[in-house]
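These are the structures, in structure tokens.
Two complexes come next, and they have one chain in common, chain A, joined by chain B in the first and chain C in the second.
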Partner chain A sequence: MSLLAVEGLSVAYGDVLAVRDVSFAFEEGEVFVLLGANGAGKTSILRCISGMVPARGGAVTSGGRRLNGLRPHQVARAGISHVPEGRRIFPNLTVEENLAVSFIGARAHDNAAGALAAVYEFFPRLAERRRQFGGTLSGGEQQMRASGRAIMNVPKLLMLDEPSLGLSPVMSELVFERLAAIRAQNTTILLVEQNATCLELATRGVILQNGRVLLSGEREALQDSEFVRRAYLGV
Partner chain B sequence: MDRRARQFGRVALPLLVLAVVAILPALPFVNNYILAAIVRALIFISLGQAWNIVAGIGGLLSLGHGVFLGLGGYVTGLLFNLLGWPPWLGVWVGVLVSLAVALVMGGMTLRMRGIFFALATVAVSLAFDQLARHYVDLTGGDNGLALKFMGDSLWAMQSRSPAPFVYAGLVFVVVYYGITRWILASQLGLEMRAVRDDETAAAASGVAVFRTKMLGFLVSAAMTALAGGLYMQFYQAIDPESAFGLGQAIQLQLPALIGGLGTAAGPILGGALMIVLSEITNWGAAKLGFVGVDLLVYGLVLLLVVLWAPKGIVGALRRRR
Partner chain C sequence: MGAYLDAALIPVGQALLSGVLVGGVYGLMSIGFSLAFGVMRIVNFAHGDLVMYGMYVGVIASTAFGVDPLYAIPLSFLLMALLGAAQYQLVFKRFVGAATLQQLLAAIGLGLVLQMIAQVVFGADARSAPSMFGGQFVLLGPLFASAAQIVAFIVAVLCTIAVEALLLGTRWGKSVRAVADDIEAAELVGLSAQTINITAFALACGLAGIAGTIMVTYYPVDPSKGLSLMPIAIIATTIGGLGSIRGSFFGGLFCGVVQQLTAMLWNSALQDVPLYVLLLVFIAYKPTGMFGFRTE
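So, the complex of A and B:
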């Protein structure tokens, strides 16, 4: 059974359909990418999976268990961790408190200190800044913190919404490098991006346009597709 | 600031102030006028601390906390006047009624964000204002409810001198300060602050947003109602305007806003400063025949705080370190 299966999903805001009849599924250990331009419906799909917006139609299941209808904190506690767009740090909490918040949804409550140590090992820069307020971190550090927060949950599935948004090329490279390391630790990743370089990391994915699936397949197929060439490589 | 000076500021200084206030009623040159001002300050601080829980820690700018102040006061007073229940007992009924109202009120308003929540709480306040004015036989209507006067009586929690209320007020301030410190250090406090900073990210992290808001709201409502009981016993009367009016709703916010939102020391510093300022200006205004100038001073101080110390007195002190 798929770790996550989305079947015929539609999401609407009022009368406007943002996502129409989208289906995809992936297994444990994959890095699955949702690629598309602004307004393609990528964020709406993530928000729907994590219970922040209701589905207009279709179903989301994880290992056969139905997710739609659950509230966001229930989805988080089921091991599906969502790092929302714009990094979403808590500006008036210290870095350490920021990380502690994420442990609320963690399954392994008894090992808070261990999880914290693991995140600091992963992102040494965060350890240096642990007493600093979240709002004073640089963009890249905030993204580390946001990812660190999600990692602390020891999630089954880590969903990231445009982690490279607004970062310098050097920083976004660092973030993707860390993602590869997270994946190496047996965490499945669902990655939403506009930036096609993220396909380097991917096993499979879909390309979305105007709320519909334009193309779905293996990494190579997506990289070679007309859409990616035209949209991102300009050839 | 070196460490010893900071320790003095954190521990020794507050204990010193506490001791001085506790000794004041025994001193010969301290008259009832000064003691009454101190009691007003202590009640003001307690109400501000209760509001600080929901607004400062939880980020919910409630303009409806007058409802809980009023319920605490009215219920305590009515049970005494009608049934002869001592306030020691009656105030807890007031707390229970407030909790029930807070549960319904929170259920209706806590899913709203920002300004919409604030406006909804104003509406609830105004509804209670109308109720209190309408049921004249029960509440005394526009004139308000006055306690049956019993003279000096511990059982009825009444006293001609304000001195006993200084001690009651001190207990409130110390306990409420402790509760605030405890919440700030607790898991609930962490969740409330996370929700305050970013509701969406908090939910994504596994925080049960609505439940967290509701818990903070209930704690704050109960604390406000309890302080409302003390308010009733001290002033011996309560009326719709001073309980449910918009003026009171704004007053309740001043200690935390001026002292420092979301800090345990903030409402104490802010509340004390406001009462001292209001007493000095009223005294000056009486000399000059210019009554009501304290409201002007409130407004001015609030303006200065917003402009130069948006994080209040505590924020300004921290920044200097």
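So, the complex of A and C:
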């Protein structure tokens, strides 16, 4: 059974269909990419998986368990961590508290200290800034914090919505390097990106256009596709 | 010369002392109001009516059961917290995150219902419930203070410190602050916003109950008392900073002092006038107040 399976999913805001009949599935250990331009429906798919918007049609299952209809906090407690677009740190909580709330959310109080140490080892810059308020961090630091918060509980699935958005090239490279390291720890990742360079990390993925699946396949197939070549490489 | 100056300063010192003592209870009343706004963006115009019910809890304890109103504080907290949770579930849940006109009207309507019920149950007459400290005065050098007010002030300060400690130091408090910052992101890390909101709202209302019960030891209650206290809570919270617990408490102190100084220097019937002027000044020039929430 797939770690995550999306079948015939449609998402609508009022009368406007943002996602139409999208299907994909992936297994444990994969890095699955949803690639597409602005408005292709990538974020809506993630928000639907997390229970933030209802599905108009279709189903989302994880290991055979249906996720549609669960509240976002229930999806999170089922081991699916979603780092939303724009990172969404808690500005009035310190960096450490920002990380700690994800334990509280996951009701994993026993291993809190150990996991906190692991996150600090993973993102040393966060350790330096642990007493600062979340609102004072730079964009890259906020991304680290958001990713750190998401990996605190060793999720089954880490979903990232454009983690490189608005970051400097250096920072964005650092974030992708850290993602590769998270993956090496055997965490499955669902990555939403506009930037085709993220395919380097991917095992498989889909290309979305206007809410529909344009192409679905292995990394190489996507990299060689007409769409990626035209849109991103200017060939 | 020195004696003359002293004689002039004593009334000022007396007004400051009385203002701080009254203001502490205003502060306790205001932190609950501020909490509901800071966490849920709910402007609870019925907050004062829960203070009024807290006052009646003291009256009933004292007149019906012969118990000192101060001993009724835990019961008052519990009853108003339950009433608050019910209000949240029935009325305010649908308005979380949006202080809309509808939400304001719902709160005002709820307040009117609570006042009507009080009118029917307790009657329109003013009632009081002096505690064991009632009518006693403490001399502090040339100044004096009512013992009941000193006790009420101490209770208010202890409650405020407890709430701050709860919000800063506990898992629940961190969750509340996370929900206050970003309810959606809080849900995404696994926090149940519904559970946190209802408990935070219950706490806010329980604090109103405590504020009422300590206030009735020196200040009589009638069914319109809550409504007449609301401007103070609004002004204290605006000056202190909406959503800031500490700020609202100091805002309450400030309101008490301004009232007493105005009453001493000008006219006690006009003691709230400078507060309204300050409210307008703050809304126009510093709407985040002195201790306002940091925003991104």
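Following the convention adopted for this analysis, the second predicted complex is superposed on the first by the 231 of 235 C-alpha atoms of A that agree within 3 Å, B and C clash if a C-alpha of one lies under 4 Å from a C-alpha of the other, contacts with A are read in each partner's own complex, and residues count from 1 in each chain.
Keep in mind that, in the parts below, a residue touches a chain if its C-beta (ideal position, glycine included) is under 8 Å from a C-beta of that chain, and two chains touch if they have at least 3 such contacts.
Just so it is clear, the model here is predicted, and its values are computed rather than measured.
Colleague: Once chain A from each complex is brought into register, does chain C clash with chain B or fit beside it?
Modeller: Once chain A is superposed (C-alpha atoms), there is a clash between chain B and chain C.
Colleague: In the superposed arrangement, which partner chain does A:71 touch: chain B (first), chain C (second), both, or neither?
Modeller: both
Colleague: So, A:118: does it touch chain B (first), chain C (second), both, or neither?
Modeller: Once the two structures are laid over each other on A, A:118 reaches no partner at all.
Colleague: Mind working out whether A:133 is in touch with chain B, chain C, both or neither, as first, second, both or neither?
Modeller: second
Colleague: Tell me the contact category for A:215 with respect to chain B and chain C: first, second, both or neither.
Modeller: In the superposed model, A:215 contacts neither chain B nor chain C.
Colleague: Regarding the shared-chain residue A:101, is it in contact with chain B (first), chain C (second), both, or neither?
Modeller: After superposition on chain A, A:101 lies in contact with both partners, chain B and chain C.
Colleague: Quick one: is A:59 in contact with chain B, with chain C, with both, or with neither? Answer first, second, both or neither.
Modeller: Neither partner.
Colleague: Same chain A residues contacting chain B and chain C, which ones?
Modeller: 50, 52, 71-73, 76-77, 81-82, 84, 88-93, 97, 100-102, 104-106, 134, 149
Colleague: Enumerate the contact residues on chain A facing chain B in the complex.
Modeller: It is residues 50, 52, 71-73, 76-77, 81-84, 88-93, 97, 100-102, 104-106, 134, 146, 149, 153 of chain A that touch chain B.
Colleague: Quick one: which bits of chain B touch chain A in the complex? Just the residue numbers, please.
Modeller: Counting only chain B, the residues touching chain A are 187, 190-191, 193-194, 196-198, 200-209, 262.
Colleague: Under the touch definition given earlier, write down the residues of chain C that touch chain A in their complex.
Modeller: These residues of chain C touch chain A: 171, 174-175, 177-178, 180-182, 184-193, 293-296.
Colleague: Once bound in the complex, which stretches of chain A touch chain C?
Modeller: Going by the criterion above, the answer is residues 50, 52, 71-73, 76-77, 81-82, 84, 88-93, 97-98, 100-102, 104-107, 109, 133-135, 149-150.
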